[in-house]
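Chains here go by letter, A, B, C and D, matching the order in which they are written, and residues are numbered from 1 within each.
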Amino acid sequence: MSDKFLWKGRIEKEFDREAFSFSSSLNIDCNFFEEDILNTLAHSKTLNKIGIISEEEIKKIEYGLLIIKDKIERGEINFDEEKYEDIHSFIEFNLKEIIGETAEKIHAGRSRNDQIATDERLWAKKACDILINLIIKFQKILAYKAEEHIYTIMPCYTHLQRAQVISLGYHLLSYAEGMERDKKRFLFVKEESDDCPLGCGAIAGSTIDLDREFSAKYLGFSSISANGMDGVSDRDFFLDFLNACSICSLRLSRLCEDLFLWSSKEWNFARLPDEFVTGSSLMPQKKNPDIIELIRAKSSRTVSNYLNLSMILKALPMAYCRDLQEDKASVFEAYENLISSLNLLCKIIDKMEFNVERFEKEILDSFMWATDLADYLVKKKNPFRKAHSIVASLVSYIEKENVKISDLNLNDLKKFSDCFEEDALNIIFNLKSFELKKTYGSPNPVFVKKRIDYFKEI
Amino acid sequence: MSDKFLWKGRIEKEFDREAFSFSSSLNIDCNFFEEDILNTLAHSKTLNKIGIISEEEIKKIEYGLLIIKDKIERGEINFDEEKYEDIHSFIEFNLKEIIGETAEKIHAGRSRNDQIATDERLWAKKACDILINLIIKFQKILAYKAEEHIYTIMPCYTHLQRAQVISLGYHLLSYAEGMERDKKRFLFVKEESDDCPLGCGAIAGSTIDLDREFSAKYLGFSSISANGMDGVSDRDFFLDFLNACSICSLRLSRLCEDLFLWSSKEWNFARLPDEFVTGSSLMPQKKNPDIIELIRAKSSRTVSNYLNLSMILKALPMAYCRDLQEDKASVFEAYENLISSLNLLCKIIDKMEFNVERFEKEILDSFMWATDLADYLVKKKNPFRKAHSIVASLVSYIEKENVKISDLNLNDLKKFSDCFEEDALNIIFNLKSFELKKTYGSPNPVFVKKRIDYFKEI
Amino acid sequence: MSDKFLWKGRIEKEFDREAFSFSSSLNIDCNFFEEDILNTLAHSKTLNKIGIISEEEIKKIEYGLLIIKDKIERGEINFDEEKYEDIHSFIEFNLKEIIGETAEKIHAGRSRNDQIATDERLWAKKACDILINLIIKFQKILAYKAEEHIYTIMPCYTHLQRAQVISLGYHLLSYAEGMERDKKRFLFVKEESDDCPLGCGAIAGSTIDLDREFSAKYLGFSSISANGMDGVSDRDFFLDFLNACSICSLRLSRLCEDLFLWSSKEWNFARLPDEFVTGSSLMPQKKNPDIIELIRAKSSRTVSNYLNLSMILKALPMAYCRDLQEDKASVFEAYENLISSLNLLCKIIDKMEFNVERFEKEILDSFMWATDLADYLVKKKNPFRKAHSIVASLVSYIEKENVKISDLNLNDLKKFSDCFEEDALNIIFNLKSFELKKTYGSPNPVFVKKRIDYFKEI
Amino acid sequence: MSDKFLWKGRIEKEFDREAFSFSSSLNIDCNFFEEDILNTLAHSKTLNKIGIISEEEIKKIEYGLLIIKDKIERGEINFDEEKYEDIHSFIEFNLKEIIGETAEKIHAGRSRNDQIATDERLWAKKACDILINLIIKFQKILAYKAEEHIYTIMPCYTHLQRAQVISLGYHLLSYAEGMERDKKRFLFVKEESDDCPLGCGAIAGSTIDLDREFSAKYLGFSSISANGMDGVSDRDFFLDFLNACSICSLRLSRLCEDLFLWSSKEWNFARLPDEFVTGSSLMPQKKNPDIIELIRAKSSRTVSNYLNLSMILKALPMAYCRDLQEDKASVFEAYENLISSLNLLCKIIDKMEFNVERFEKEILDSFMWATDLADYLVKKKNPFRKAHSIVASLVSYIEKENVKISDLNLNDLKKFSDCFEEDALNIIFNLKSFELKKTYGSPNPVFVKKRIDYFKEI
């Protein structure tokens, strides 16, 4: 630990060992090594532009940084938490070991405050891109699986009660549709992160004439932050990132809940691929859906990460406080969990098998045609409330009298309304009633196919 | 309670009184009365288009809905929780009282699921607009106040330690800059909400040939949802709304923390307007900043509202479950708290007075020039680390030898580096050192003024 | 609003109207009217003891307070938020209207800080008692219902996969057992709240010689707080109260989830009483378990309330800040939700009907005997891992060969291990295998009955 | 990974590599190695008692487990996440390597469900003890530091406004008092954890006649769980543990906030020991209180951990689900953070120096005597409201007329009330007015000393 601080100078006693461990962030911010190297290069080039770093020196720096990056990637140097307190010290001290005193020039006009704020934004932009691509991959898998099941009938539930007949394809697409918003949300986060704070210094910029537009462009940013205090203390983009991860994770938790139900003995509708189930150490007969349970559970962690950062920011006085260091662990954890969850679900959905006959008999013997039958009466000029009431009476009658639905005939119906004609029975007996749906966004295969085509092309 | 249900028919026992109170949402969703009336009108016109509602009937409905709206606004009917379970029943039953049986036609092809989902999006769009305007108002107030204080010096803090000299104007603008993102975020939420679920029915659309594009256009939506299950069960836009409220509230909590510190005796920098402070029931001398403390505290509530909705959605099976009803209270609460907080802060900042001389003497006698002095040495070709170390030694020396800073002379400086020239003393003695800053985004008045001009024009 | 402040005097401008609405707490703390009256009486008697209030005056005060209490209970005065900022002002000003200037004496040596802290603890003690009694009531209902179902077989699930056969009685008791801890937790909160802060003043006690032991005893407290700053700023007991409500609510959410599953068509195991289900405005055939969905959802709110108060307290400087006012709404909300949830579940469980034959056939045809069969082999001296493996092979064989379980015979078993004897078949064919369980805490009816007897007597 | 599963047997495909990494818990539950070894020994002895494990075998097992423990402690075997999925597999497979097939006997009648539930409770009991002792240590340090400052005057704040004069000793003790509750809370958690689930099996106990009382006693538990489903699925004690950690962490965050303020230039009241401050990479003059900022920030994480577990448990169907695995990371994190925070604060408070003259002049020149002066008038028979009003007028007069407080004389006072006598000036001029306090729990040194003595003896 001893001398590897960027800030010694005036504080005389040695930093407490335990305090060092407690405050070191290298085990976390080492994830930023690429960003920090790039960032350092950009800043050095800016200093070079105004003569503070010479042509020769900039070459040395570039060379040294490349060596460090290479060594890290090959595993030749590692992030020694005993020695360095953060990734910034790590880079600067290692650079010094390679290129000597020139390394001491790179921090002019820069603070770790604007440096980390820049690293974080660079990382966030990259992470958003990766997630967006992974979401697209998952949408396509859902769409291809949906394509196989445009005519696989199943109940759609409200309140976990069977409500209306839909297709499994329609159900699977509902998640893909939600993910359209997830993509837009990550795109929003990416745009928000695309504002470069480099050159804000600690809080108030610099008396050195740094060309902030230059370094921002070098790093691929579209704009530069307009106020240094805001630039270094803003973590909105990380909250937005965590919000985006949370919402997407919550969606996955709902999908997992459905899979969890479907693979129960009671539902008996889906069979998780064997590569993703586990057994029991005690009960030899078990096949447990552990992976989807864990994905479901991890959504809680992601939401907790959002709470953590919110609570850190609450009532924090301006501008920079060390509390902000605690942002990164939460963000990385949410990112890793979402990446793993999406990756695993891609495989699971892809290999999943469905018991396509499961609901056929039961749907025939259910009341899920009730809404359609009410619509029938509406079309025959009954006010909806009356239609609703007629059908409710019919349902009660069938239940009470224990009528077999397949035995229903026109006379039975006529008891409840004269409007019923022969074609009403078609509604009751039609297994694939979703083909009768007229509205866009319904499970009618015409609309479902269109959306599948859309997702195949994204 | 007795007969005011939209769903009786088949369930024979009377609904439990206590269960009714527990589940009724009218006291909350009455906030949607305008949206629900509009929504009902749009749907009725759609039914009219395909002949299910006649020309004459649609006129009646329009008339009846207008009467209801008018009566509510005049306070002539009120939301009787004993009688109606939600705003939908309230509207339908009241309509029936006014126009008779025609009212029974309006629910054809519609479910309360798509109805509430539409109301919520209509409301969210309106709420975003209101909040964006209020944020703009507050930004302008900050900018005008900042304009008065472009040259009011104060320390900028990191770790609550005095770091560098800035102007109050610069500090005030840092909040306004953050609010640029708040506006974009609410705009994003508005766009996300701009997708109409009306016509999704309960989950699976309808066999009635509803023109969803038509009703969506009538209601001012840009698009229609592509999957009914997603359309009725999606609450992403509300999570995003709560996220936007949370981030903005957290920003306000940081502003309040600053005001809280500034109005302490120790800081003695700001004086809250008397209209916004309270006294003590026990201590006659007190002036307490209760309002800013409450705004600070309420940010916690807003974050909790986000968590509440997240936790409700977690692992909720598809598609609609009654749990979703619990979304609204959280959203309204967050909205009301943010509106009040912004309104109050507009007034408080507008009337706030600052003790402009407060820091003048102390800044002269501080070390806040240290970074600028290091920059000076950097410009004289010292590597930054060396410059940092020279200045740190100078600071230690001044502290240990108890040198009065105003007594420093060139000889003192020379002891630490030969590079120091007469102009180095200007850096130390310059009260308004922020005028020396060169970088965009710094407190240099040139840049601060530009941003003030920008905010005046938004 | 104008003159109804306890603190005017030195602040000259009129309090801002909107700030007043924002900061008024009467609509919330009016719930404390009984506690505040009692508290005021206790303090007045303490002042009487040392002569600051005379014998005659104390009688007047007692009389006046009784009148106020009576009027509130009869609804003759109401809590006018336009006029009073909190319950303390409300009581003091109303008292003055009844008994005149004597009312102005009661606040000597007291601050609203210790006053509210005392009200809150009085309330918490009362609330804990009410909740404990309600929990006991629910435990008894669970126990009586369990008694009817000691032999009703059902699968017990792990990972929502059928694991072993248990009785419904055993399942129902599992919640009652958890509630034993809930009671202890509320008892802990009650004990924690039983420490009287009255006499702490604003933060630092008083120069008036108040007998704190006396007032504490009068109010039924066991001890008095040992440090005024801690006494007025401590909200631990409210966090503990919210924690206790959260844990209990989460338990209820798990119970509701089970009921939610059981009353699905797929499970078809329980039938919610008609008084607690609702229908659909669109789908005439539906019976929806809205009440249990709402109870489940409200657990989220209770946890959010805990988070809200935690977030308020985080990093709040000592001692009292107005932020603390925001504690009450969260606490009352959690309390009300838990009371309603328990009350409703008492009724629901009491009237619930179970489909007792539901699982009989399926259990006979399942592998849920696997663990017991492995135990059988263990008793025959097989190492458990070997036993586990033998049974796993048997299960695979049955599955692959499509053997009907009821057709299994000893020869089949012998293929897998010589240890199997005739009695092994009993394990496989025994429907009520839980009667074979030997360990305490198992579903063996012997143990289940004992626990039922226990709960009947609590 | 390949064959190191306790549950293979019937599942044919190889577990997915990524799924394995995602679901492995060894990197977390390796913290339980001691508990799991002890647990395994206890269970083996129980099996020995009924002859399933022989005398010879139990000796082997005991020997093997000791070897494993020893090797872990010496670092001779490590927790290889590629090979084992959890601590249970790790122990069992390593045992088998050492003692051979006997190891395969230990899992009879046991499931990982009751095994982990037992490990967790053993750990929780230990963790509570460690934390209680650490809290006591910190209380003593606070008390000893308080003893040095019984007469160090400082303002006590409400709303961060100076309210009344207290001593630093009194302020420091306020935290120690709060910690009395923290200890009780951890004791409660310990008692709650003291109920042994071993023998509950997966959920429903065992057909093997395990003496649960025996193994519980062996492990030091006071009681055994009464229902197997509750025994394995209950995580109340972990929620309670997280609640206890949260409340204690929030208290520390408030202490840190005070230290944060006190060590600002504006407060200038405390000097953090140099071993616990850091410098700036850019600003050579800075001394930053990073450690207390991080302790403050970490309280957010602990509260988030509470949310995480709550959210995992919400609506989780009975009995065991894999989601429960996610409990441990949160609990360990909260524990580690609290241990570190307490350890660091012990050192910081111990070495902290206070600027004891800081407030002397300012207190003399303040209005903090106002309450005491009102009390004075109350003792002279003025109703409190009148007294409050007289003093408020006096304060206004002094402010408006710019009277120097030290110049006040009896005539000035007499203008406001005839009741003022010479001794009233003593109240105004008495620097250490807290010596006049009469109530228990006030900063009167008599009471403060008593509490210090108390804390020295705990």
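Basically, a contact is a pair of C-beta atoms (placed from the backbone, for glycine too) under 8 Å apart; a residue touches a chain by one contact, two chains touch by 3 or more.
For clarity, every value in this text was computed on a predicted model and none was experimentally measured.
Touch-path distance (fewest steps) from subunit B to subunit C is 1. Note on interfaces A-B and B-D: more C-beta pairs are in contact across A-B. Subunit B and subunit D have centres, each the mean of its CA atoms, that are 34 Å apart.
Taking each chain's centre as the average of its CA atoms, subunit A and subunit B sit 23 Å apart. Residue positions of subunit A touching 2 or more other chains, listed in rising order: 9-10, 107, 113, 157-160, 163-164, 201-202, 261, 279-290, 293, 296, 300, 303, 307, 310-311, 314-315, 321-322, 371, 388-389, 392, 395.
Across the complex, subunit C meets subunit A through its residues 155, 157-164, 260-261, 263-267, 279-290, 293, 307, 310-311, 314-315, 362, 366-368, 370-371, 374, 388-389, 391-392, 395. The touching residues of subunit D, counted against subunit A in their complex, run 5-16, 18-19, 22-23, 88, 107, 110-113, 201-202, 273-291, 293-294, 296-301, 303-305, 307-309, 311-312, 321-323, 325-326, 330, 340, 343-344, 347. Partner subunit A is touched in their complex by these residues of subunit B: 8-10, 52, 101-102, 104-109, 113, 156-160, 163-166, 170-171, 173-175, 177-178, 181, 184-185, 188, 192, 199-210, 212-213, 224-231, 233-234, 236, 239-240, 243, 246-247, 250, 253-254, 256-258, 261, 296, 299-300, 303, 306-307, 310-311, 313-322, 371-372, 375-376, 378-379, 383-389, 392-393, 395-396, 399, 434, 436-444, 451.
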